[in-house]
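Labels run A, B and C following the written order; every chain starts at residue 1.
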Amino acid sequence: MTRDLIPPLLEKLGGLRPDLHNKDFLLTWEQSQDDVLAVVTIAEALEYCYRANISTRVFDGGLAISNFRDKSTRTRFSFASAGSMLGLSVTDLDESKTQVAHGETVRETANMISFLTEVIGIRDDLFLGYGHQYMSEVSTAVDQGFAEGVLPQRPAVINLQCDLDHPTQTLCDLLHLKKTFGSLDDLRGKKIAMTWAYSPSYGKPMSVPQGIIGLMSRFGMDVVLAHPEDYDLVPEIVDVSRANAEQSGGSFTVAHSMAEAFEGADVVYPKSWAPVHVMQERTDLLKSGRGKEVEALEKKCIEANNAYRDWECTEELMARTAGGKALYMHCLPADITDVNCQYGEVAASVFERYWRETYHEAEHKLYVMAAMMLLTRFPDAHAVLTDLLSANKPRRIR
Amino acid sequence: MTRDLIPPLLEKLGGLRPDLHNKDFLLTWEQSQDDVLAVVTIAEALEYCYRANISTRVFDGGLAISNFRDKSTRTRFSFASAGSMLGLSVTDLDESKTQVAHGETVRETANMISFLTEVIGIRDDLFLGYGHQYMSEVSTAVDQGFAEGVLPQRPAVINLQCDLDHPTQTLCDLLHLKKTFGSLDDLRGKKIAMTWAYSPSYGKPMSVPQGIIGLMSRFGMDVVLAHPEDYDLVPEIVDVSRANAEQSGGSFTVAHSMAEAFEGADVVYPKSWAPVHVMQERTDLLKSGRGKEVEALEKKCIEANNAYRDWECTEELMARTAGGKALYMHCLPADITDVNCQYGEVAASVFERYWRETYHEAEHKLYVMAAMMLLTRFPDAHAVLTDLLSANKPRRIR
Amino acid sequence: MTRDLIPPLLEKLGGLRPDLHNKDFLLTWEQSQDDVLAVVTIAEALEYCYRANISTRVFDGGLAISNFRDKSTRTRFSFASAGSMLGLSVTDLDESKTQVAHGETVRETANMISFLTEVIGIRDDLFLGYGHQYMSEVSTAVDQGFAEGVLPQRPAVINLQCDLDHPTQTLCDLLHLKKTFGSLDDLRGKKIAMTWAYSPSYGKPMSVPQGIIGLMSRFGMDVVLAHPEDYDLVPEIVDVSRANAEQSGGSFTVAHSMAEAFEGADVVYPKSWAPVHVMQERTDLLKSGRGKEVEALEKKCIEANNAYRDWECTEELMARTAGGKALYMHCLPADITDVNCQYGEVAASVFERYWRETYHEAEHKLYVMAAMMLLTRFPDAHAVLTDLLSANKPRRIR
């Protein structure tokens, strides 16, 4: 029975010392290994609670606020689902309908929306150097409000994708790997290829590749980052990943061909991104009021991309992976050749063979978010889950 | 007491064999008579539960998603109300804020929003040949996701108006008729006039008139469809209605004057629509990138309409109905002469005499939606309602 | 313990005879003193319930609808929070997505959205002579719907800011004063300066200053209204305030300098507004289709404002208040000199000294809204709160 899968996870959780209460979840590399493991463990437990029809309504009212400064489908619905399964009312802060434009300070807006708020989820991934900074400012603002007694509780800020990291995605990717390979320990020595791939579009954030190398390097994996010469990520995060790999007993290498990265890989994650120098130039133009030049930049970049159309995850490349059967991963939506574009990140036949897996991968995200909410909002998430299990209240009446 | 009205309905429900669990509600003519009767019976029971202050919260979390591809007031709020009374969090899929435009497939979007979703309500009524088709694609997509274990449950797709039918409207119309005439059996032999009426606007969908003739012909009514020569509905649905009437022991006739249709009618439903050939032409223009020609088409149609300004539900016409007292019906909002337009579908004095009835008619819609949710999401809706009655939990504390 | 603060408030509430059940809250001056006191008392009790982790979920489903015809951050989130803490699903009536534009009558829209609705919150502050009128029309419409049995309950209309008053703001201001000075009785004889202040923007509503003088004059305060010669408020409301002061044993005077108003004041409320004659002219232009002339009017007004840049709440002015320590109040967001504008309503150092207080002031708003909901939707709010206290259900599981 699904229900029986939960107690072993609680036991595992009992051995961890996460330290997230009254804090945020912004960047995985700022969180301890126990924090990361607790999120993944609770996410899996919540998944089984849902399938076993055990209500996980821990709040009887209160808000979960989302602030999407960029488009989103799956993250938006994951956040709404996570809030709903915990009993929170989900409200979107649509900045165009508010007085934020009136020069309201971050301190003020953050406090004004937080009087009954347990969690603030933010997506702010468009401007390099600004997304994470904005989340940190909101974090400081609610710290202040809580310290001064203005806020009756301190809402957690959860990063729904910034310029640096995309932790709700990469942790759901980690849970997906755990379920695919049996355990996190089984990831040790497995080769994962995080590689750039061609896309006809431009300006895709670096947060996923950065998040993947920053996180997977902590589990003893052989992480290979591959991209064309000019498509660097933020150097500090590459450094973090290299250090992580050393510490975890894995390895971290950079390759400049997809074939090299795929060779013998157990996992491949082919995904497009815009290089760090382009994201920097774009941000500089927009922040200095030269927005009109962005179009020219965009055109130049798309042309540059065109030189790398062969960076596509084809059947030929998949055949070079371990047993020809590497796990294909993607955060979705993927640019699929002949499906939604002429030349894309992945061949249609490869994607079609793996669509179930990528959808399962995506499914975990809502539970990762809910796990982050439990860990940040309760001093003892283990006790909360134990309560839920013993209450055994059905989520649906029958 | 209101509460006492519920057990007889449960008894009636117990005699039905609806087959909607894990399915959708898209077109009434694809559903069995027991499906239709179960929806109406449960809708009425839920209405009494609400008035008797019996909580009908059957879910403790989970999503109801609406996707409105056309404007809506009453359907939007009915859907929100239905979700709320069952304990679901209602979330709108605003396609402009999502990545749907990025060429995401229907399979992907449908699954990505459905991990914790019990019901997806869709309005897609603007393009002939596309609305029902889109809903069917979403249906296939969630079937697939559920079959592959990607979705922990299979959300129901509920048609909130497509190019062919508007079942939540017509079933609330049916419940309105039941309550007005005493029982569904009492509809036998009653004459209902579904007639075109003049409107200064253009492009109103055919879903309501089609839905009305397709549904009311199943209850032994004498259904008269009336419209100017050139204002045909989709021929297949007229055929379905004719066949229904034959089978139910009623009749189905087409008239080409309002006066003829109103003669001795027990019920009149005067409402404007755009003819099938116009809707077809409009769709062809828009889908072939000739959107600019739509304006000319629109102009031509409004001019064509002008020849039929006398198709107005006036006091004179009402006087020709059975006892001069036919029930006036409308799905609202109506074009009311001298109220919101110069020439409209109905005279102000007629509308004013019947506004209460049309509002009551509209009230049923939310309960019809909630009934569809119960029937599609639970294997035994009768048992669910029995549980609610015996739990007798108050909806409001006092 | 926070919990112990609640019974004395319930005792006080027991001595009041509010008469708000099945009614609205539109203008404070139309409500009895007991109505006003009941709102403030319940708001405070709900605040302690929240902090003491006592669930205040009095509804198990049902809607709270907001209709913002102007931008809002704090009021929007206060309303969402108030609905959530009482167990209502909050839904926004976004008129651009509805058929309201189709010439639907107020009676129809109001009823169509209200079948399961407990409360309709409306912000309509842009047009002098129209905001309060619109709310009254909605009120009449739901009265009618309820009387005719179309609506199973009569939703309360709550004014979230109109052209005349802003009761959820001023009542949270009153609660703030109560908490600051110890009790409402302690307000007697205290001097409050409601003064105009310079702002670089234009067209700020008069609802806050009007609401403040109309309400605070009922508690024996010495109310001073100060503004440049030409910046009058709606004369009828000034008259109401003068009469209130006379009856309550306070005083009401008009000054034409900030210094005079601040002299010895215990409370200062410096805030910009557009004068009544400008708001009238603006409304006339917009309602008569001369919208293009509004820009010229705006320009003229901003120039007129510039003559009064010295109407700024500076340290020098604050030094003239009682002990140099008057309570600084603002409904937020404030125009702060050198923070979000070059010249503003208040000096940065003054605002920085009082930001905690203004945030606390804002916090009360959501509880004021929830109190209005309880009083309008339950015949005996005292009994409801007593039930909640004795049930003592936790809002969060731990």
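The rule is short, and it goes like this: a residue touches a chain if its C-beta (ideal position, glycine included) is under 8 Å from a C-beta of that chain, and two chains touch if they have at least 3 such contacts.
The shown structure was predicted, so the numbers you read here are calculated from the model rather than taken from an experiment.
Homomeric contact chain A/chain C: same residue numbering on both sides for under half of the interface positions. If you lay the C-alpha trace of chain B over that of chain C, the rotation comes to 120 degrees, to the nearest 5. Spacing of chain A relative to chain C, judged by their CA centroids, is 41 angstrom.
Looking at chain B, one finds that residues 89 touch two or more other chains.
Partner chain B is touched in their complex by these residues of chain C: 58-63, 65, 88-89, 91, 97-100, 102-105, 107-109, 111-113, 115-117, 145, 148-150, 152, 377-380, 383-384, 387-388. The touching residues of chain A, counted against chain B in their complex, run 50-51, 55-57, 68, 71-74, 76-78, 80-81, 83-87, 89-90, 201, 332-333, 335, 339-341, 355-356, 359-360, 362-363, 366, 393-398.
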